[in-house]
Amino acid sequence: MYKQGLFEVLSNDKIAKDVFKMVLKGDTQYITAPGQFVNIKLDGKFLRRPISVCDCEDDKLTIIYKVVGEGTEQMSAVETGSTLDILTGLGNGYDITKSKKPLLIGGGVGVPPMYLLCKKLVENGQNPTVILGFNTEDEIFYEEEFRLLGADVRVTTVDGSYGTKGFVTDAFPDEYDYFYTCGPMPMFRAIEAKAVTSGQYSFEERMGCGFGACMGCSCKTKYGSKRICKDGPVLVREEIIW
Amino acid sequence: MVDLSVNLAGMEMDNPIVPASGTFGFGKEFKDFYDINILGSFSFKGTTKDARFGNPTPRIAECSSGMINAVGLQNPGVEHVVKYELPEMKEYFNKKVIANVSGFSVEDYAYTCRILDKEEQVGILEVNVSCPNVHGGGMSFGTSPECAAEVTRAVKAVTTKPVFIKLSPNVTDIVSIAKACEDAGADGICLINTMLGMRVDIKRRKPVIANTMGGFSGSAIFPVAVRMVYQVAKACNIPVMGCGGVSSAKDVIEMMMAGATAVQVGAANLVDPYVCKNIIEALPIECEKLGINKISDIIGVID
Amino acid sequence: MVDLSVNLAGMEMDNPIVPASGTFGFGKEFKDFYDINILGSFSFKGTTKDARFGNPTPRIAECSSGMINAVGLQNPGVEHVVKYELPEMKEYFNKKVIANVSGFSVEDYAYTCRILDKEEQVGILEVNVSCPNVHGGGMSFGTSPECAAEVTRAVKAVTTKPVFIKLSPNVTDIVSIAKACEDAGADGICLINTMLGMRVDIKRRKPVIANTMGGFSGSAIFPVAVRMVYQVAKACNIPVMGCGGVSSAKDVIEMMMAGATAVQVGAANLVDPYVCKNIIEALPIECEKLGINKISDIIGVID
Amino acid sequence: MYKQGLFEVLSNDKIAKDVFKMVLKGDTQYITAPGQFVNIKLDGKFLRRPISVCDCEDDKLTIIYKVVGEGTEQMSAVETGSTLDILTGLGNGYDITKSKKPLLIGGGVGVPPMYLLCKKLVENGQNPTVILGFNTEDEIFYEEEFRLLGADVRVTTVDGSYGTKGFVTDAFPDEYDYFYTCGPMPMFRAIEAKAVTSGQYSFEERMGCGFGACMGCSCKTKYGSKRICKDGPVLVREEIIW
């Protein structure tokens, strides 16, 4: 189930280069799984902007977004105390019943959905290993937050300015029985080449509605056409056509 | 109490509000937001003879006061619609529905309409002639009076249900096309479909839409829609279903004054899933402010 | 330093920014806001053989992200323009100007262009074929390839200055019309003019515009303009001056990538008189962000 | 000369039925005559909204407007402390050099420009008589303000609920040597029928630019076509074609 609601902005702070964290207060009851997303209405923009749920606890919703265009630029200027019109409860989210020793891989702004996922897995005693991949040191965020959840956290940077030099695949642990990932396409391709278990990928697509009505976000899978917004954004490794 | 009911080519409607084809799926996604039985009716996703995946993604681009889509008529095909979608729909929508039909040849249209003609749930056949005519050099059926009339005749021959022809605005002379449809037996005209538009991603130096161009809709196109509804309603003697950029009760009233008997709401559903509900609730209030007791009184009041 | 210069059919311009005809008068009103010599050029108010008062008021209506105008080519007539406006303009604008010419018969166009051909200040003749052809049943010259070509030939016969034909977007097939103009000798194409639109005043139950319909412009029409610029630039071998809904440096870059050599800014001038100045100042910054050193490199880079 | 500028909203209060008074702070140096107007940009509206200058003193600008549509509705919700983008110095304004005993006639939202005009005339010792015409009592505003300027003020209401019952023409003084007016067309027609002197009328028209560039607001006068926004809004009685 999804729902439109008004959320109050509690904070909106820069946490890394071009990356902002926004904490909102409102009715979060429709957010039921990590990996779901919300769709945000911005003044003067026609379409809403889809952003993953980073954390959700009681009536507080946390999102992390990167400024890449006009909409996210505008979001970064939203003031504390103002109100945003948000659709919540969108997308299927990750299925967390699949593993005992999961590997979580977040790249860039693919990191945020890993946080709530990690939290849930830790709560379930599933002992996640987390790899956070960035290009360079000043892009890094949330390393400490993941550690505080009690996860085994590894950070990679492409230029080696922090953590392991290289791609997320250069920090793969020896043991994992399943993986969850969100991030850019090149990272997905590298994971696809290296990963030895089943897993779940979270995809992005330009969206019209975000709740399954317009067929704007369709993709072909081995089991037929799926809507990224409603049947996804999370697809299991076995169904994906690369 | 303001009387919102209208009679659309014989179909009695509680109010003139009709979500437009392609923006409401088969209604399923919206019933989670509100009880869609409050609608006048709705036009379901453009249905073709065979199932279609549609165009590659990205299919969506943002514009000032609007959006571009290049979904490319993704739909499960008419057999599937009749076998699965319509029976399922019965469980959450108890009114007559409008069946939006697309095709790439005259035979396609006739084939699909013949099947839908047997469906009791279907109140009106809405024939979208904005699709490219594969036997006619790829120009859409809706760009020539002759082609539009040919489709109209072919469809009228296979159904006893009212047939609305849904016209494309990307033409020099909308009136001549509407009249050709009327002369060919159409029971009504629906307009407008999307305008052909394009956006460029200046970072990637590529069109935003994988298919380069797409259908532009949303509030931005409202003035063009009002103009065409006005022109066609003045020139024809069959009812007009207005569509294009409607997002408020005032827009509905404006389009009805311009000549529309019913009014479709498209892209606005995608950004505000409650928009049709809000319009239906606001209509009596706006009508009262304007001294309108019976909404059907204002249809085409503009000289 | 980003090189903003472009060469438009032989006219060297410091930058591609050109205020569009009808939104900049003869430049007088804007020189009080900023020094208009920073512009690439500007297109002055549509000039006709005889003086015209234009249409009755109201001539203006507001739309989402745009406006409708029905000014009706109010202008003092070409003799007055040559005798008073151009000499006065020399005092505040020291670049070549674009002369926008309208007419209601082929002879009108030739008459006006012949006079303007003698004016050294005029760099380009921009021939607006969106006007109704009084000898052709009132349809505008711009709606048929034949009529547009006829106007082009008549104008080319009386001038040695580059001739741009300014096309109307209210047509089924813009490419065929642009090509007909190219074949008839046009040196360039300017597009788009306004779209035909209408608004209704629901309180008064009358069209907002006294003339019922009018020309719809502003950011709302940008996707249609980009699409047409792209189509025409791909199909023709003469330069395209893009116009329609431009209001930012990013819009300019988008339109140039779609195929425009220069870019006109229309309605945006009316709501933000500094818009062209702001665009010219922002262009180098936006170009730098996108790795563009020479703006002419991006003309038509989209496949 | 005209100018674009940012103005801070100091107050925005309801002063009569559907009528609001807004006081703004900003650069007012281009406002040079009573009867001029400003053109206000509103978020989400394409065209600016023209509103007469009611008062202008130092860096303070006062306008009075009636809520009649979406734009003015939005204006009425503008909060104190926010900023508006305004073009100032528009229009010719009234020529106040013409009389010794002027009559000022304002009808409805035609009243505001009379205020600054009255002030200037009083300052010049020109002893104005002011007639303020409204439909009914709850629409009345600014009676007291005009009195405080020291003018002879008469109020008329169509329904007689306050002041003289009838139209502004029912309160005409015996003596006046010139008139200035702003208000609705029917009032202008009544004045035209009754007035015995020369005078100046301020007109309204739907505007594109408000500064003379678009020809959106042209009207025919005995001396040729004029732009209401630039050559007007004030026209002298002798040139008007009714």
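Letters A, B, C and D name the chains as they come in the text, with residue numbers starting at 1 for each one.
One rule holds for everything that comes next: contacts are C-beta pairs under 8 Å (C-beta built on N, C-alpha and C of every residue); 3 or more make two chains touch, one makes a residue touch a chain.
Remember, it's a predicted structure, so these values are computed and weren't measured experimentally.
Least step count on the touch graph, chain A to chain C: 2.
Separating the CA-averaged centres of chain A and chain B is a span of 36 Å. Averaging C-alpha coordinates per chain places the centre of chain A 57 Å away from that of chain D. Centre to centre, using the average C-alpha position, chain B and chain C are separated by 34 Å. Residue positions of chain B touching 2 or more other chains: 61, 63-66, 219. Multi-chain contact residues, meaning those touching two or more other chains, do not occur anywhere in chain A. If you draw each protein chain as a dot and join the dots that touch, you get one closed loop, with every dot joined to exactly two others. Pairwise, the chains that touch each other are A-B, A-D, B-C, C-D. Taken in their complex, chain D has these residues touching chain A: 43-44. Chain C contributes residues 61, 63-66, 68, 139, 143, 170-173, 195-200, 202-203, 205-207, 212-213, 216, 219-224, 226-227, 230, 245, 250, 253-254, 257-258, 290, 298, 301-303 to its touches with chain B in the complex. Residue ranges on chain A touching chain B, taken from their complex, read 1-2, 4, 41, 45-48, 87, 205-209, 211-220, 225, 230. Residue ranges on chain B touching chain A, taken from their complex, read 22-25, 28-30, 32-33, 45, 53-54, 57-67, 69, 71, 74, 208, 218-219, 267, 269-274.
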